[in-house]
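As written, the chain order gives the labels A, B, C, D and E, with residue 1 at the start of each chain.
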């Protein structure tokens, strides 16, 4: 039972400088898992630390379960946290690191051991339980940090990039275990990640931060399909959405010589603006083999095995670049000219100045 | 003799053995090692000489030129023991151990409050502590004597305990604070997230990390207390005399019995030397490696 | 361990004694179990400290009424002053009622020095004066003879003759104390000043350190120490000189009579059979030896006067001398305090080489009129005023600097005169 | 559900003022923070300030312990004579030279030794043991050891060892009194500095040094660029503690030179000792003590707050 | 000009324990960028540290440019390294951190400043140049670590997960900058990463480590298309390849009731083994809308926006699970039964016991 509410919460590290977290308003419903994303330095860790009571709240408030916790010391907030920097106890073994929060809560030894062993098992740390942190690899340390959080059943989980140093396989596995655990315990969780897949798959909702400000707070698919502004559009999705400032022509916008029609609602909403920022995701661009579509020259081909990405520039406007998703084994090579078709329904249109979404 | 803690773990495996990184030039380190040894022996030599002198007769103790060829005698030690070293030793031990423990008990939380979780006016408080050491003891001894006399606490070991505690507290606080500042603040944060109270954070997280610093502090307090002379000589008489006061009775005005004095000094220093040798091994353990990224 | 109050057995009194850790006192400690045996109601505890610590501590304790001690070892410097201050118990009645104690046996000069207004306030354990020790063998070699009462000029000449260091040897001419301290260099130096006719104050308490006699004396002392004294003369004290003399590195040594035992002790000395003894050298006075005595007193604060006296009388008794002589050897017997000691044939046999010279020196010492002209103070090697420890030490520091060659004797005295003037003013009406 | 918080900048109010560092401190939180400090603080105040106040009280009196009845209030007369005393100034200067010189040399030597010991080599434990030993010897004994067996002009080892080089008969303690005392002090205090700095070195994260090695830094560069900044706190600590102790050195002066010749090697504690234990002039010595405290506080304030940045900067990393 | 060769190089941290790096044989050609991947704790960092001279080489040797460097101290190896733990100098500002290697090489001040500014620009650190590391966010610190390496022009670059704490967008951007820089300077580079995309796109070759042993060392596409063993197959690609132990039947193997034919070469190579480990990547499984194919029940649907992954189990063998890639906006929901078709040409077959690839 813990609903977490940020109310106009701000944190300013250096007086006079711009806030690291700026009037954040965000509610994490009880049992919800919220993923916090944003560029490096956008205030994600700071937000977590405010919630954990490790940073003073310079304005606004933070509430857990309706209670303003601004004056509650960390240790009484019943929060488990995975630090971005791990913060392992160097003089304790892995086992003691993980058992520490349980010991602090006076849990009996047997139960402690059981929980630690379970968590170690889950994280593949069983054979390292008696080592000190300094004799572990980076990923192993990170897993210990994770373990120290998940042995508990706190009111709130805070995880600051808990899987960044794990390999893909382990990450996928741990991710689903965390999700499972979180689900089972119904613990409200705030999860910071840089991994697009994690962001899209784990969160009930995703909050996008930029320069300390919340940009959008919505479900992953909402975020992907209806980014509120050009920043979110460009930030969510990898490779990023192609965002181009295009001139308006008649019923649409002009791209590489051809006109792409815009829906009526958008046209109306856009009003009289001359230029619009138009976004289209790489997967919404298709390669035309029959010569139609927009012409582009390939700069780089990234082959990922299951798919490939073609980085290209407009044949006629070398400044406008495009990323197009191709099949796993593409024949296209550097320097070739390709023809690209845009799905007009998949266009995202933003105001060129404010970046706000135009129309639906 | 002292043992070295750096001894490599003995290997039993037949596989390749781990080793220190090899370095390009071999002569550099060897030279440094030789220099280090020479300096160490140079520093130790006076002490060695003192110990040797303790085994000489008074006549051999002062010859020109100094001689190494002498027949060792236990005479001097016998004299010293005959003078009744026992109670002095016990008093010193009591005053030193109790005051050092007290110092650590008082200084640890204080240093914590002045470093990791700083209170307001930390600087002023620190300054106050160190300023209490600025009054020369010789100037303050008469007032102290008067107070202690009024309290009917002359020649009482607890008087020394209290004074030694007060005398070492500022140093301990300053030293410990410096070591505490080495602890990454994230660890304290983690501990508070994990629900550890202040005391437990100190005990379970901070102290293990700074244990070399604690040992250094304890060692230094022990040395200062053990060797403290001025309070001891002025505030004690028959009951609570400590080793240094025992020692000065061998500084006679009728010629200096240096061999005897050396024996007494050797005996007086022996406990701290042993304590020092034991404790200083603890000073060389890594602190917070692997804690944070 | 021994925290808290004195452990009190039923009916047993514990007497705490502060003493100076000289060999003779150590002997007393080692014999004290016999006293305890003979006096089952009294237990002894000794606080044995080196001279400087002892003096400081005992003074502080007695002056502030610390009451830690039932018996304290002090000297003829303190006794009359403290008696005047009312800090000490009058011992005369105690002596009188103690059968066989025989205070009349004390050497008169010593007894006087420990009395105030005709009553004794401390009893002497031993006493000393100063005299000249010299190497008979070296004198013989050089064809010199030592007069029984040498003059300083004779001594200086002999020193120059015997100093062979300029000829590649390592024997210095004479050892004179140069180490600062009122009890160190100031003692022999003061005797030289006195016999040169110098004085610290005229009867009106005007400082006289820059008088010609005083300056002459200082110049002489410094010159002699610098020219024919031992190396590092400004740091030479009783023990440094003692070592040098015992090791055979110096031809003459002017110092305390208490050194005699050491220089003829085969355990400590390499020159045992070569030592001769002569009276303290003079110039313008008939004698110049100092007078010093370690004695025991009972602070007024002590509630255990009788027990303390019981012990003190035991330790300063004739029987004690006998006891030491028979049990520890006659050369260890405390000298200088009692005539009977010198009358003992055993002592004469053990210390015959110097015994009479010493007694003579002590008896000739003249604290009442130390120099030629009248002075307002008493004392040979010290001025019996409370300020002298400090004043003497300060002056000795200046003199020591002169011996080190950092300043001239005249400069040293000029500075000293200032110190002395300040002190003198506090005595002028 | 979806909320856009992108606001035009004009609308944004002034940024809220930051709070003082540390979580918001309420009254109770403040006391929670202060609580661990209080026992030590209260203890120190009680034990050290009562004698100190008494010292001040005595310093306003003319009182010679051995002249009973001399006790009377004279206000600042004692202070006047302290400042009028030209020797006092010379002695104060000696104190400064002795303290600063000994501390500096000890710190530098201690640093060198700590660095030498912070490597792996044969017998490191033994060497460390040998090196700390001088610090463990009772200062009185150490001072006598220096005076009698090392620096004695005739029997001293120093002259003996130097005699092959033709400087065999220097009367160290009278010709170079200050240096003699300082050598003994340095000998005792270097191990202290070494211990402190070694413990400091041990706390230096190895990955920084590894990184520096990758960056092409040699031993000296690593020392200058990384070790020194890291050790700064410990150097400052050693300097402060060493200075505070050495300002109050008494045994070495007393035993080795008696402050002489003249007052060439006398320092303030020795000078005060003379007043207090030879002159038994309690008022004078108390006044000198107070003057020393005040002077030390002034010097220390400057040293600590201006030269050293320990106070403010320590918190910064 | 620097070729890096590991020759049977081993490192044993704890005597008696298994080596962290076990007889590693690997050559990095001059100017090549090799990506090192492997599960957490597999010895990647250790291998880098051996090359850097930070870890003793307990057996074998490491050569740079044909010269055995075992006895060459780190500082003389001319290697730039990004540490997994950053290892920033806490007492120096960001600027001084980055300038340090240049200063050590005695470069003149102006050139130092220029390079530092360029690198800071590249990494978006310009506004933080005067801060101490302590006042930076995790990602910012990591970028400083990166910057400290790239200001130099060393013989060899070693990068230990240099981008793990950066957001996707910045990562993509930095990745291509590093690749560009590496290309331009032609510096041999060993790059450790957990990011599949990085591994597949950046490296000329990829080395896969497991428990200190090299599993395969090949180009990314080789690795993807022809994994040498089941471990590599499962490790490369995200989501991982579906690996199933299947019983042989006639000309193929049996899966979910239907038989999947195997090529003749494989059948021959497999010999008489009863069971084979068969792998098929999620993207090589296609959803059949016409009811044919293998039936599977969907457990989890992961929607990533551009595509989705369906985690399912065989309708008939609930123990056999499958991941199938679906389109970005799939209608399939939890509990539904889907029909999956396997592309027989895309099968990877491994020996069930040894895990070695069978056939081509």
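The rule is simple: contacts are C-beta pairs under 8 Å (C-beta built on N, C-alpha and C of every residue); 3 or more make two chains touch, one makes a residue touch a chain.
By chain, UniProt protein names: A, E = ABC transporter ATP-binding protein; B, D = Carbohydrate ABC transporter permease.
On a predicted model such as this, the values are computed, not experimentally measured, just so you know.
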Joint neighbours of chain E and chain B, given as chain labels: A, D
Most widely separated chain from chain E, with each centre as the mean of CA atoms: C
Chain pair bearing the highest count of C-beta contacts: B-D
Interchain centroid distance [CA atoms averaged], chain A/chain D, Å: 54
Euclidean distance of C-alpha centroids - chain B vs chain D, Å: 16
Computed distance of Cα centres, chain E from chain D, in Å: 55
Mean-CA-position distance for chain D and chain C (Å): 40
Of all residues in chain E, the ones touching two or more other chains: 13-14, 53-54, 73, 84-85, 138
Sites on chain C at which at least two other chains make contact: 52, 56, 60, 64, 240, 243, 247, 249
Shared-contact residues (touching 2 or more other chains) in chain B: 20, 62-64, 142, 146, 248, 251, 256, 286-289, 293
Residues on chain C engaged by chain D in the complex (per definition of touch): 52, 56, 59-60, 63-64, 81-82, 85-86, 178-182, 184, 230-235, 240, 243-244, 247, 249, 386-387, 389-391, 393-394, 397-398, 400-404, 406-407, 412
Chain B - residues contacting chain A, complex: 184, 186-187, 189-197, 200, 204-205, 208-209, 211, 286-293
Parts of chain B lying in touch with chain C, wherever the complex brings them together: 57-59, 62-64, 82-83, 87, 90-91, 93-94, 142, 145-146, 149, 154-158, 233-234, 237-241, 245, 248-256
Interface residues, chain C side, partner chain B - complex: 1-4, 6, 16, 18, 20-23, 26, 29-30, 45-53, 56-57, 60-61, 64-66, 68-69, 170, 183, 238-240, 242-243, 247, 249, 258-259, 262, 267-270
Sites on chain A touched by chain E in the complex: 13-14, 37-41, 44-46, 84-85, 124, 135-140, 142-143, 160-161, 164-172, 176, 194-197, 200-201, 220-221, 224-225, 234-240, 281-283, 300, 302-307, 325, 328
